[in-house]
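Some structures to go through are shown next.
Okay, so chain A shows up in both of these, paired with chain B first and chain C after.
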Partner chain A sequence: MNNVIAVAGVVIKELYRRKDFYVLFVMTALITLVLGSINFFNDDHIVRYLKDACLLLIWISSLIIGITTAARQIPAERESRTIFPLLAKPIGRAQLISGKFFGCWMASGLALIVFYFFFAIISASRDHSLPFLAYAQAMWLHWICLGIVIALSLLGSVVFTAPSSNSTISFIVVAGIMFCGRHLNGVAVNIGGVRGDIVYVIYYSIPHLEWYDIRNFVVHDWGTVPWTACLGATIYGAMYAGLLLGAAWLIFRKRSLTT
Partner chain B sequence: MNTVVEIKDLRVEFPGRDWRERPKLAVDGLNLQVQSGEVFGFLGPNGAGKTTTMNVLLGFVNPTGGSASIFGVDVREPIARQRIGYLPELTYYYKFLNTEELLRFYARIFSIPRAEREKRIDAVLKLVELETARKRLIKTYSKGMQQRVGLAQALINDPDLLILDEPTSGLDPVGRMKVREIIQRLKERGKTIFFSSHELGEIETICDRVAILHEGKLRVVGRVDELVTQYQCNLENVFLKIVGFQPPS
Partner chain C sequence: MNRLILTVVFACCFTLATELAPMFESIEARSGTAGDPLLVLVGDSRRAFANQFFSMADRYFHSGYYPTIFDARKKGAANHLDVAVHEEPGAKPEADDDDNFMGKPRDKIEEFGRNFIPTVHTHLTGQSAEEILPWLKLSAEMDPKRIDTYVTASFWLRTQLNQPKEAERFLREGLRANPDSYEILLELGRVDFYSRSAPEVARNIWNEALEKWQAQEKAGLKPDPAGRDEILGEFVREDEKVGNLQQLLADLEELKKDSIGTGSLEKYIEDVKERIAHPQ
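Then we have the complex of A and B:
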């Protein structure tokens, strides 16, 4: 565990010493503040649009941070050759993968805390309410979702040599799941036959990231999702992240690394 | 003397890039032993299989056949690397860390207790003469300084075996001298050093024994003075004879 924490610490340091997070946060804040300064059509519920826009920006920013940070981990280590002095020490490849995962996940968690704190301030200043539990739950599920996304990108980082191709593929897969994942069972029913069965297999095998997006609950003040559902989604997320990390380790453990 | 490194019938084959290309044999039936306290030079022309052998010892490459162990532990086990220090030929370290942070990170991987960790960092930084630059980001260092950071990280666990892959490659004469001095000091402290280099003069002055590898096969192994006497020439000419180089007449 000591090795996992040590590797994770370096990943977190990398994130806060790079400019990515600061740029994304400033952009999110600026866009939200500009949107918040305008009152379209004298709509009394304009704050909902503002909250919706702010949460959308937070989701996009967090996915960018999570995917790009995870996607470059192993390829960048190999490209800069830092992997050699590291693996020449008593650290296993499973520990390296786990450390990279926890580092990226913790780093994106820290970024989420900053983003959601900003969201809470904006929301409280306009809405004059602070449903702390709903925000905390939304952030928690968002973080679990990022765990799956980061594990997926880490799997990509041991398969693809270029971080850019891994990031692009990860973004397409994540966006595809988030936009189309929930409709696949409907598509399977409509198609029928063997092709329908194939779509069903895809539907049941992909991690349903859309379950973690509870922005509507926050925007429309619908309260919290039942806590049992939240717990189920957490277990489901942990299981998928574990499977993806296991696959990453299986590929990486036998791979020859030549100096 | 205890055997520190033991290589038995080692064979390493790299697959071809596609099905038409035949696998490339990098190391073929290598048998080698390095004893405790000796400085062992690993020589060979480029592509002879030196770095591949080192990669097997460090667990970067899995052997196709045979076995290798360090301190009696199979090199595929991470614990085999607990007592070794490794300096790669080209040293690049995390650009966003300073030397102190880098050494602290590596010390944690060796599970060095916190109190001891700081003492060890101070000691290795003193040894490689980087005390004053310890808070500077590594990306601001010169090549010679980066090589010394490499040595510092290789020594952070006070290793019993040091594996150095061309430690003076690309350094200016002053840098080479400093690295050589450090190796000499480690030798005096009884450390086992296994290193590859193309600097045969350097090998001749530092090493107790050498092995010469050519086309993946071990051609000769023995004490430097014995080889020089046997071949009636200096180590450079011994090397050239063994690899079959014919000087132009």
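Then we have the complex of A and C:
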């Protein structure tokens, strides 16, 4: 466990040493503040559009941080050949994968705390209310979603040769699932036949990342998602992340490090 | 030699720029995008953006309960923001239960997934209706020729948010972009009639609206007949308010000319005739 924590610690340090997070946070803050300064019909109580835009930017930024951080971990270690001394120590490949995952996940969590704190301040300044539970739940589900995405990206990093191709494919897959994952069953019914069955299999197989996006609940003040559903989504997310990490380990343990 | 070539190229560029700059300016002026880099950037796709922003306003009106491109929507289903504008004055939009685009969940995953999205059909009312305004403003910015945007925004500003001044300002902005619009004039008159209790001013504006409608009809543009009925309907309400029974009778007769359901109108006309014959 200590080995996993040590590897994770290095990844977290990498987050605050690199400029990615700062740039994305400053851009999110800047765009949100500019949007907030726009006057619509002399009404300064309008807040939902601002919450919507801010949350969208937070989602985009967190996905960029999560995917790019996870995608470069193992290729960077291989490229700089630091993976040899790392694995020469009593660290197994499973521990390396786990450490990298927890590091990326914790780093994304830290970034999320900063982003959601900013979001809460902006929202409270306009809305004059702070639905803490709703925001905390949104952040929790967001973090679970990032866990699956990071695991997916780590799997990609042992399958694809370059981090750039892995990042691009991960972005496309994640965006595709979030945009149309919920509707694939309807598409399958409309198509029908064998092709419909194939789409249905895909529908059941993909991780349903769209569940974790509860922006509509937060923006339109619907309160919290039922806690049992939140728990169910957390267990589902943990299982999926575990599955993806297991697959990454299975591929990585047989992979030659020199090629 | 190189310097000479560079000088010649620079001179060519300079000359070309003096020729092309006025040409581009005239193109920008014709397309109505002059001075707005955003409009220049999005080009003709701004109409699509305007429609999208109008849909966003409707999505906000339903607090996020809104069909996506994957959800089956009833054929000819109207935008609820539009429907509310053309309802009778005082009528409040209500949630219609048969407009449940989601239907029953097809499987367990869909059933579970519905925990994370709004599944209740509601409409914003009162002060919270202000949340739709940014999208309507953006829609108008993208396509100033989209008349519905101005009328809809004004309707919510005057009926729910009690901001007739802002409603009028926005309508006048729309009128500058669409000087022949009877719809905007009709709504402008409503601001004066319902929010400012200025029936005479409202009547003058509605007269102009009727003239615009008739001009469009003469020009063969086939304006919506319901628009004429709405204008004449407002005349009738104005006559009732100021107590001008003779004018009321004349307006009712005019309204009867092309109206489909004249049964209740006949009764109303008889009632007005009675009131003229036996003033209280």
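The criterion applied here is as follows: the second predicted complex is superposed on the first by the 253 of 259 C-alpha atoms of A that agree within 3 Å, B and C clash if a C-alpha of one lies under 4 Å from a C-alpha of the other, contacts with A are read in each partner's own complex, and residues count from 1 in each chain.
Quick note on the criterion: a contact is a pair of C-beta atoms (placed from the backbone, for glycine too) under 8 Å apart; a residue touches a chain by one contact, two chains touch by 3 or more.
All values derive from a computational prediction rather than experimental measurement.
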Taking the superposition as given, does A:17 touch the first partner, chain B, the second, chain C, both, or neither? first
Could you look at A:257 and tell me whether it touches chain B, chain C, both or neither (first, second, both, neither)? first
Would you sort A:132 into first (chain B), second (chain C), both or neither based on which partner it touches? neither
Determine, under the contact definition given at the top, whether A:204 touches first (chain B), second (chain C), both, or neither. second
First (chain B), second (chain C), both or neither touched by A:9: first
Of the two partner chains, chain B (first) and chain C (second), which one does A:81 touch, if any: first, second, both, or neither? first
Specify the partner with more touching residues on chain A, choosing between chain B and chain C. C
Overlap of the chain B and chain C footprints on chain A, listed as residue numbers: none
In the complex of these two chains, what residues of chain A are touching chain B? 2-3, 5-6, 9-10, 13-14, 17-18, 80-82, 84-92, 95, 254, 256-259
What does chain C use to touch chain A in their complex? 60, 63-64, 68, 70-71, 106-107, 109-110, 112-113, 115-118, 127, 130-131, 133-135, 137, 153, 157, 161, 163, 166, 170
Write out the stretch or stretches of chain A touching chain C in their complex. 38, 40-43, 45-49, 141, 180, 182-183, 185-187, 189, 203-204, 208, 210-214, 216-217, 219-222, 225-226, 229, 232-233
Going by the contact rule at the top, pick out the chain B residues touching chain A in the complex. 14, 51-52, 54-55, 58-62, 78-82, 84, 86-97, 101, 105-106, 108-111, 150, 153-154, 157, 163, 165
